[in-house]
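Each structure below is given as structure tokens.
There are two complexes below, and they share subunit A, which is joined by subunit B in the first and by subunit C in the second.
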Partner chain A sequence: MSKENTVRLISAEGFEFVIDYEAACVSNTIKNMLSSQGSFTESELGEIKFPEISTPILEKVCQYFYYKLRYTNSTHDIPPFDIAPEYALELLMASNYLDT
Partner chain B sequence: MGVEPLKIEIPHHLNRHELFVPALKDLCVKVVAENFVLQPSFGSLDKENKAKVVDLLSLELPLELVGPVIEEEVYWKRRSQSRWSNCELSAHGDSWKQLYFEKNLAQTLENFDPVNEDLEELKRLLAFSSPWVYNLNMKQLPSHMDLQVLLSPSLLSNLFFMKLTYGRHNVGMDYEQSLFGMKLSDCVSLARALEWTETLTYLNLSSNLLDDDRVKMIASGIAENKSISHLDLSHNKIADRGVKALASLLDRRSVLVFLNLRSNQIHVEGGRAIARALKSNKSLLSLNLSLNRIGDEGCRAIIEAATQNESLTTLNLSATAAGESSTKALGNLIRQNTSLARVDASCNDFGEEGGAIVSEALETNKTLQSIDVRMSNVGENHEKAISEMLKSRFTF
Partner chain C sequence: MGASCSKRLIAYILSGRSAGEEREQQGGVPDLGAVPLSFKARRLSIDNKEEAESRGRGKEKVLPDLLDVCIAHFAGSLDNFDARVLDQIPNELIQKIFDVLVERERLESGTIALFGGRDITHARLAYQPNVKDDWLQSLCSRELRVLHISHCRQLTDFGLHQLSHSLNLTELSLDCCFNITREGLEVLKGLTRLRSLSLEACDCVGKTGLSFLRNMADLRELSLDMCSELTHGLENLAGLGKLERLNLGWCINLRSSEMRHLRGLESLKELHLTRCSINDQGVKQLGGLKNLRNLSLAGCPITEESVEFVLNFKRLQHLNLEWCSVPSVYLAKLGRMTELRSLNLAYTGATDACLLKLFGLRNLESLNLDSCKITDDGMSIFTYLENLKSLNLSDTGVGNVGISYLAKLANLEELNLSYTTITDSALESLKDLRGLRLLNLDTRHITDTGLAKLVGLQNLSALDLFGAKVTDSGLRHIKQLKNLKALELCSGGITDFGVINHISQISTLVSLNLAQNHRITDASLPYLSRLSKLESLNLTHSRITNLGLQQISGLKNLVSISVYNCKLGKNAVEKLQTQLPKLQSIGV
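So, the complex of A and B:
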């Protein structure tokens, strides 16, 4: 992962997840935030704060980004994506916000 | 727990299977729905996703759990239709949720077996169904359970309509007379329950083989009650003694608005008792005494009393063996009374003279909207004249 193609996603607790630009753009919301023509801090610094998304949820979201990249247009069988029941509701709300 | 992705097949000539990675949203919706029992909550989910979760929810979820949490009518519709065909929504406040809770409770009560089942469980069902139960319609109650439990305001606090018939479904060759009808002990517990209920407004005890003793017991309970306004005791075996007890309920303090005594065994004395009550009663709007052999004397007394009564709007004396003196009284009623809107005097014996009396009296009356004298031998001409007069009065 070269420095220029990474993005930092920051959870409510301040935990930073450094992931590929391509992975982050699985989320339409993030994609729009990063590629906007205006002068949003996100597009300049390549970092986005999510004060409403807690760390374990944001971690799961990032895992999903890579899962999606890995298996889109794949010719192999796709393995299931595990979601623990106790996170499901929060994850649903986060994914709704992130449009993913 | 893992969630299987969607598999979509591309037509053969492209010779390839394409697999889609489902959106994270959809994966989550499935997991939330499947684990709802463990986490019965929607949190602060938006309407759209909430609806998606509800669509996937199992119909077997425990009622106690989902009652307070699921408001969505779609869910209750699915659940109701999976259990019963021909759901009549209008009988349940046009709400599928209400329909489900009411029918579920009625069915449970109808099949409750006190020997093999726990009364405490039943009480729990009553308690947590309470917010959505307003009507109860039971066609059998083989347990003959204590009605004080059923009508206890601490359990069913919203119940305002109850129709209770002690019948029996699907008896077939096992018919026994003792299986049908209300027992005296049921009347006792009902009378006690009626003293305490403050929400019950409509009470229907039609077809319960109620005789004088039973009715007297029930009447004693209603005497202490101030909430019941509609009382239906049709199709029973109430005779004069029972009716006297009911007539005493119609005193100046009465709040009874609608009384149906159709198809009982009321005779002259019963008719006279009702007539006496009608003189001072100010609450009754509708009185149905049809299909009782009250006889000409009794009917005349009732009609005379109704003439002075200023609150009654509907009077049904169909098939009460009314005759000549009743017709004269009817003529007076039509001329003098200004509150009655509907009178049913069909299936009696008035003769042509009666027909003339009625149609003549109608000319001055301005308040009567309908008077039915069919099958009372008034003759075709009078019947026609009467119906024309009323039609012309109320067509615009």
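So, the complex of A and C:
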């Protein structure tokens, strides 16, 4: 992964997820942050802090980004994206915030 | 026409419309009629999909958003719900969870209470099985904007009274809420922000004299369809200056003189007077409606005077004169209405000479000539009407020569040729109509030989061969139609061999009618159970028995089954009902 094409997403606990720019843009919120309309730090450094999102939730969100990339327009059977009940509430809030 | 005729009759009686008109209103959904209920009654998924597909045609397949996945998770784990969980979720997401629960019919009195005080703005509850008065107690708040409770028949005046807490309502439908009385409707007087109101088949409306409408100045849409006791009161509509759509169909006791109150409604674009007793004098009162686009006078006792008058509605795009007894020479004048997109002249007795005068209707997309006096002599008109998408020539004298004029109607999607005099060679003219989705060939002279011509029509989703002389060997051709969802084959010529070797391979089928084929036995049933998408199945007059019926317990999508005149016991049928959760209608 070359640095230009990746984004660092930082959870509430300070854990970093380095993912592809393309995957991060599955979230409309992140896409806007990284575009020219976003603040300088985010678009310049390719780094976004999410003080409201805990590490396991952010991990699950990243998994969804790749799930979406993998299966959009797929002609094969698409497996369901499973959610553990204990994370459901936080994930609901996160996905609402991230517009995903 | 056999079944399609009886189907039409049932739809006609129960819904207050003919099948043709129904189709027109629904924007071109197939006339399957498999569940003969009112026109808004639950339809097979095939109809909904048809609409969804036509809306989303060409769009790529989209994965659900993570938010949708989460909301579906919440809606699916209802047992873990409690108020504390919901307290943490913002109201706009609660609305989304509510919507999914409605869609899945998972709401009950216990769960509905959880949504009280959470500012639900939209509650589209029509046809939900258990809606009771206490539901409205929970849901009616100042924030409520849209409430659909049509066909929620347990509701009473007490529940309706809760609407006094929802004065911001903009949309309300109460169709077929038969327990509501005149007193209950009093609450409507306060709902002055309504933009859309539907009170179909609420007989108590007649007793109110419509006084509740007086202050609804924002009203855009009003339906009083089938309010058969309504006789007067239209003066209360006179001030509704924004009204665009008005349905007074089947208000059979409405006085013709009441029409005078409508003349000032200049915004009116759509007016349905189907089967009202409106005469020429009544129609003449409508002169002020300059913006009218859609007018139905079907079954009204009008004469040529009304037709002359209708010619003044220069912007009219849709005209329904079904069952009107107007001499054909006057109907011919409609050829001047060049804006027309759809024209229904079914059962008017229109002749070839009349039809030939319609050559100016270049915008016409839908034409219904059911049971008119049309023969091959009138068919050359179709060289002019090249934008036609839907054409009904059922029960006319049209034969093979006339059908050849249809060969160039490249936009045709729906064609009904039932009970015409066509034979197999007519199908040669249809073989290039690649856009055809619905085709009705219910006529005795169509045989296996002709069906070979249809295999190129790969967009066909509904094929009606009810009375056509089709046998097992004709099924070879039918099974090549890769998008076929609805099929009727009731000639008596289909046997177990055809079901086992051919029909069982048409895996796209949603609705299948094999009635009157008395050579179908239990041997067919394991093969029919392979048609996993099947929602409607008719095996009336076949030789199936109790033992065979249990073989289809795998058809989990089945909504309706008809097995009249079969040797079946009550127990077998009841057992099937417990095994198939969606099964609603069963005819034994």
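The rule we apply is simple: the second predicted complex is superposed on the first by the 97 of 100 C-alpha atoms of A that agree within 3 Å, B and C clash if a C-alpha of one lies under 4 Å from a C-alpha of the other, contacts with A are read in each partner's own complex, and residues count from 1 in each chain.
Keep this in mind: contacts are C-beta pairs under 8 Å (C-beta built on N, C-alpha and C of every residue); 3 or more make two chains touch, one makes a residue touch a chain.
This structure is a prediction, so every number in the text was calculated from the model and none was measured.
Colleague: Will subunit C clash with subunit B on subunit A after the two structures are superposed, or do they fit?
Modeller: clash
Colleague: Of subunit B and subunit C, which one touches more residues of subunit A?
Modeller: Comparing touch counts on subunit A for subunit B and subunit C gives B.
Colleague: Name the contact category of A:86: first (subunit B only), second (subunit C only), both, or neither.
Modeller: first
Colleague: Counting only touches as set out at the top, which of subunit B and subunit C does A:64 meet: first, second, both, neither?
Modeller: In the superposition, A:64 touches subunit B and subunit C alike.
Colleague: In the superposed arrangement, which partner chain does A:77 touch: subunit B (first), subunit C (second), both, or neither?
Modeller: A:77: touches subunit B, not subunit C.
Colleague: Once the two structures are fitted together, what part of subunit A is touched by subunit B and by subunit C alike?
Modeller: The overlap between the subunit B and subunit C interfaces on subunit A comprises residues 61, 64, 67-68, 71-73, 78, 81, 83, 85, 88-89, 91-93, 95-96, 98, 100.
Colleague: Touching subunit C in the complex: which residues of subunit A?
Modeller: Its residues touching subunit C are 61, 64, 67-68, 71-73, 78, 81, 83, 85, 88-89, 91-93, 95-96, 98-100.
Colleague: Per the contact definition, I'd like the list of subunit C residues that touch subunit A in the complex.
Modeller: By the definition above, subunit C touches subunit A via 60-67, 69-71, 73-74, 77, 80, 85, 88-90, 93.
Colleague: In the complex of these two chains, what residues of subunit A are touching subunit B?
Modeller: 61, 64, 67-68, 71-75, 77-86, 88-93, 95-96, 98, 100
Colleague: Considering only the defined contacts, which subunit B positions touch subunit A in the complex?
Modeller: Residues 1-5, 16-21, 23-25, 27-29, 31-32, 34-35, 38-39, 41-46, 49, 53 of subunit B touch subunit A in their complex.
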